[in-house]
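Here the chain labels run A, B, C and D in written order, and each chain numbers its own residues starting at 1.
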Amino acid sequence: MTTDETETTTETDTERAYTNSELMVVAAARELESDDSVLVGIGKPNLACNVAKRTHAPELRMVYESGTIGSNPKTPLLSIGDPGLAAGALSIEPMRNGFNYYLQAGRLDVGFLGGAQIDRHGNINSTVIGDYDDPVVRLPGSGGACEIACHVDRTMIITPHTERRFPEEVDFITSPGYVGGREGRAELGLDGGPEAVITDLGVYRFNDDGELYVDSLHPSATRDDIQSKTGWEIEFADDLQQTPEPTDEELRLIREVLDPEELYTDQAE
Amino acid sequence: MTTDETETTTETDTERAYTNSELMVVAAARELESDDSVLVGIGKPNLACNVAKRTHAPELRMVYESGTIGSNPKTPLLSIGDPGLAAGALSIEPMRNGFNYYLQAGRLDVGFLGGAQIDRHGNINSTVIGDYDDPVVRLPGSGGACEIACHVDRTMIITPHTERRFPEEVDFITSPGYVGGREGRAELGLDGGPEAVITDLGVYRFNDDGELYVDSLHPSATRDDIQSKTGWEIEFADDLQQTPEPTDEELRLIREVLDPEELYTDQAE
Amino acid sequence: MSKVTSMHDAVATAVDDGDSLYLAGFTHLIPFAAGHEIIRQGRTDLELIRATPDLIYDQLIAAGCARKVTFSWAGNPGVGSLPAFRRAAEDGYPTEIELEEYTHFGMIAALEAGASNLPFMPLRGFIGSDLPEHNDNIARVESPFDDDYVYAVAPIEPDVAVIRAQRADEDGNAHLWGIQGEVKLAALAADTVILSVEEQCSEETIRSDPNRTVITADEVDHVVVEPYGSHPSYAQGYYGRDNEAYLSWAETAADRETVEEWLDEWVYGVDDRREYVEQLGTERILDLEPETAYATPVNMGEYR
Amino acid sequence: MSKVTSMHDAVATAVDDGDSLYLAGFTHLIPFAAGHEIIRQGRTDLELIRATPDLIYDQLIAAGCARKVTFSWAGNPGVGSLPAFRRAAEDGYPTEIELEEYTHFGMIAALEAGASNLPFMPLRGFIGSDLPEHNDNIARVESPFDDDYVYAVAPIEPDVAVIRAQRADEDGNAHLWGIQGEVKLAALAADTVILSVEEQCSEETIRSDPNRTVITADEVDHVVVEPYGSHPSYAQGYYGRDNEAYLSWAETAADRETVEEWLDEWVYGVDDRREYVEQLGTERILDLEPETAYATPVNMGEYR
């Protein structure tokens, strides 16, 4: 804990209304449990893990793609291989060991992913928009994403819900969700799967067929906001909830400790 | 270099006649070249490497099965995993890396092997005498030997030439020599192969068919000594040589520096 | 959360009759104290897995604990053969033992498959050898890309692994230096892990040098602090190998009665490793101590 | 025998037009200085292999050095995309580039096969993904022991690897701490290895801590001593990442002309890394310096 964390909260800091990017971080944090081992990504996933660890999940184990295990970074991360992830970690594994012994061997419970397209079954495209051999947009590619999607118990997808981001089928499956449904995934020999999709409009989950539905709406969003930007007729939960708002403590952590420079969250309306 | 090595040689030490076990060490040392990387075993192979390194092959790189690379042991080794192999080594690799990246990947030039039986084609048995499932003698097994025999360029076999140790065919192939001949080995996809067999009677090599022949006789041995203990009619080189005797410096190194307690050599007649 | 316990309690909790067991450590940091505790608690029908069975498995076999030995080199390193192993393998005394045999490389590859959750691991091994005919867990596999081939081994996944390291925190994050052997793989491949160390240290010590960590707490079930727990093998920087013990085992174990006497004196006759060390005596322990030679420091940096 | 040379001479000797090249380092210790020297020497038709192409391959692509990129994640870490890579992949400017694409795990497994001299490496990867349809070096393989299956990747064996470490002796025995990435595998998989370090040290320093060694002299062809050779990436314990450079690259590289200006100023406009560092200026360098935090010592022991 740095001295910043114990500073008295100034009223202005948490009295400002929360933003949807802050709500996304908090909603993701609440998905995590204290005995989870999480493969953490940079940006909102890292913020979410750190919020969870400092609130309800103190034993959360954070593992990074770069092979650092039990990292305890003291400053906001600039990249997945930040020196602050290595200094003070419990262990540092060569890249191969991280994928081989940790991810593939099923030692990680939760992974965070984003993507340019997410479809009805939670399949993710982060490779190309358009044709693979003649792309309209060449995206970065899988990185660790495909095997994270294969091997963790619960994949969390964090992404803004913009136009064209939720087509019925992705242009290219980079990372498998429920493929053609929960049975399709099981036939490939894969356990686990996507657990939640957290956007700036709501929190979505997957039904018994492995199809996306809206579980809670953020206070500022409407059903139509979501449906109008979704490429198929999306289901809403019968008991559709409102996403719980961030607490003052959660906002304080994001604004004062974890992302004071607003690298990964907008903190003003 | 320890202080022992620079001590003045006392006359008694090298004036004693050499023994055949000392001659074996010296003959093995002379097979090594300065740019060789050697997978070293305990006992005579280790002595041979250290004699070579301190005479004609100063750059010799010694790698041990336990994963220590560039070891510089200061005392005679008690085992393949001696702490003196680790302290002061250039690198220590986990066991898997040693076999995977060094041996299998062809980074080692020379390996030393022994065995309970060696046959006409240099195949070695260190597994069982008799039937595998109902052995007369259960031997230790391969350890690293099989893959050493597969992957180094030149295998050196050091063994006393006792009765029944050189049958025409071994009871069990633990480590491949030229299998059924040089072509048999090549068909398996293996390069390299046994280079020399060094016994207390002579130095043997392999002809173009991959068959053992006697290249040099030790001064104390006769053709009949060898033939009478060999399970087939063994060839002798047309220009059969006498094995060169140890020099005073080689004897001094063995007796005063490398094996003063005669753990691995007999130093009296 | 502290996992620190006694070896008695760790073995009582973790090791059942019939289990498959890997006492790890290639010559270095062999868990002798754990083996002796398993003998004292009278476990039977164990599958003893270890690349190099060494004296510790010879003792377990002599005490009648084994039904199977899975191995790649069964000898007394630098000395000769393992008398109790040979009696069991050749004569079925005191128990019949089944053998499952590999080469070192094959054995390590099988552990690697176990640690990695892979159905097989390829290696260029066993080529030209008779071993694959006698082990169904070795199979030839063709390359999908060219005319090449390899052998594959099936995964080895022990029920319990016991590993040792120089130091660990109370959770089981451990630093190991010197020869690494197959320690990490054995721990990762096993269901349950007992970690025994020469010294307990703070979490801060572990975090000061994460590249030195061989295993983290998540893989460790029990932590036992047991100085000299590897005698007569060694712990780099702490004590050397007690070669006298290795040499004398050849004679001790050659005879059924002398091995019983030895077990009575050194295993059944002591309660735990502490009593064993007391019985060894100060002089013998001091003679094994190396001179000090620290590694050159590295700066990890503090990034704020 | 000393292998110490300048980066100019190392690149002139080791890197030819048309070579396949791996500049190693996962975010940490990226060989930026080597990449700039390759640009200065005008190498063309290179196959650029790297899990994470990062800014350094974007610069090589922008300078027209590339014919092919083999990769698993082509982005500006923590920032966004690689503009020059996208222009080449989408519009063929300034050169057409062929893409050979993996996942991180697949890429590392292919390097592992290359380092191990294996015809393929199995992994539970690519499952459910469309990637195997577009890469002939990925194939499905059935388990020889049960109904299970895996994917396999063919070996990657670069002509040249450039790796960096914190310190090495004149022969090329190197210590690396912090994030290890794929540095060792890249060196072992490649034919020729250029090693660049922050500091030269004595052989005694290396031998004092052999567990810290990432690669030994036998695998290294050229040793270059180049402080700050990884800027704007970082060297654990020496300097941190210069995030300003990563952020500004997004703008610099967005436009064909501004990227040319940048290359003129920072690559063609300096003779070597020393001049580059001078141009960065003292203040910028000092701001990247971490506080000191030494690893807790270990005693290797001296065994006589």
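Rule of thumb we're sticking to: a contact is a pair of C-beta atoms (placed from the backbone, for glycine too) under 8 Å apart; a residue touches a chain by one contact, two chains touch by 3 or more.
All values reported here derive from a predicted model rather than from experimental measurement.
Where touching is counted per the definition, the chains common to subunit B and subunit C are D.
Simply put, of A-D and B-D, more C-beta pairs touch at A-D. Centre to centre, using the average C-alpha position, subunit A and subunit B are separated by 59 Å. Each chain gets a centre from the mean of its Cα atoms; for subunit A and subunit D, those two points are 28 Å apart. Centre-to-centre separation between subunit C and subunit D, using Cα means, comes to 37 Å.
Note on chain placement: the centre of subunit B and the centre of subunit D lie 41 Å apart, centres being C-alpha means. Touching of two or more other chains is recorded for residues 68, 82-83, 86-87, 92, 100, 104 of subunit A. Contacts with at least two other chains are made by residues 117-118, 123-124, 148-149, 178, 180, 208, 211, 236, 240, 290, 293, 300-304 of subunit C.
Pairwise, the chains that touch each other are A-C, A-D, B-C, B-D, C-D. Per the touch definition, subunit C reaches subunit B in the complex via residues 26-28, 51-52, 71-75, 77-78, 81-82, 85-86, 89-90, 101-105, 108-109, 111-112, 123-131, 134, 148-149, 178-182, 184-185, 234, 236, 240-241, 243, 246, 290, 293. Note for the complex: subunit A touches subunit C at residues 2, 37, 61, 68-70, 72-75, 82-84, 86-92, 100-101, 104-107. Those residues of subunit D lying in contact with subunit B across their complex are 115-118, 173, 188, 203, 206-208, 210-211, 213, 215-219, 300-304. Of all residues in subunit C, only 117-124, 137, 139-141, 143-146, 148-150, 152, 154, 166, 175, 177-178, 180, 201, 205, 208-209, 211-212, 236-238, 240, 290-304 touch subunit D in the complex they form. Against subunit D, the residues of subunit A that register as touching in their complex are 42-43, 65-68, 77-83, 85-87, 92-96, 99-100, 103-104, 123, 127, 132-133, 135-147, 149-151, 172-176, 179, 185, 188-190.
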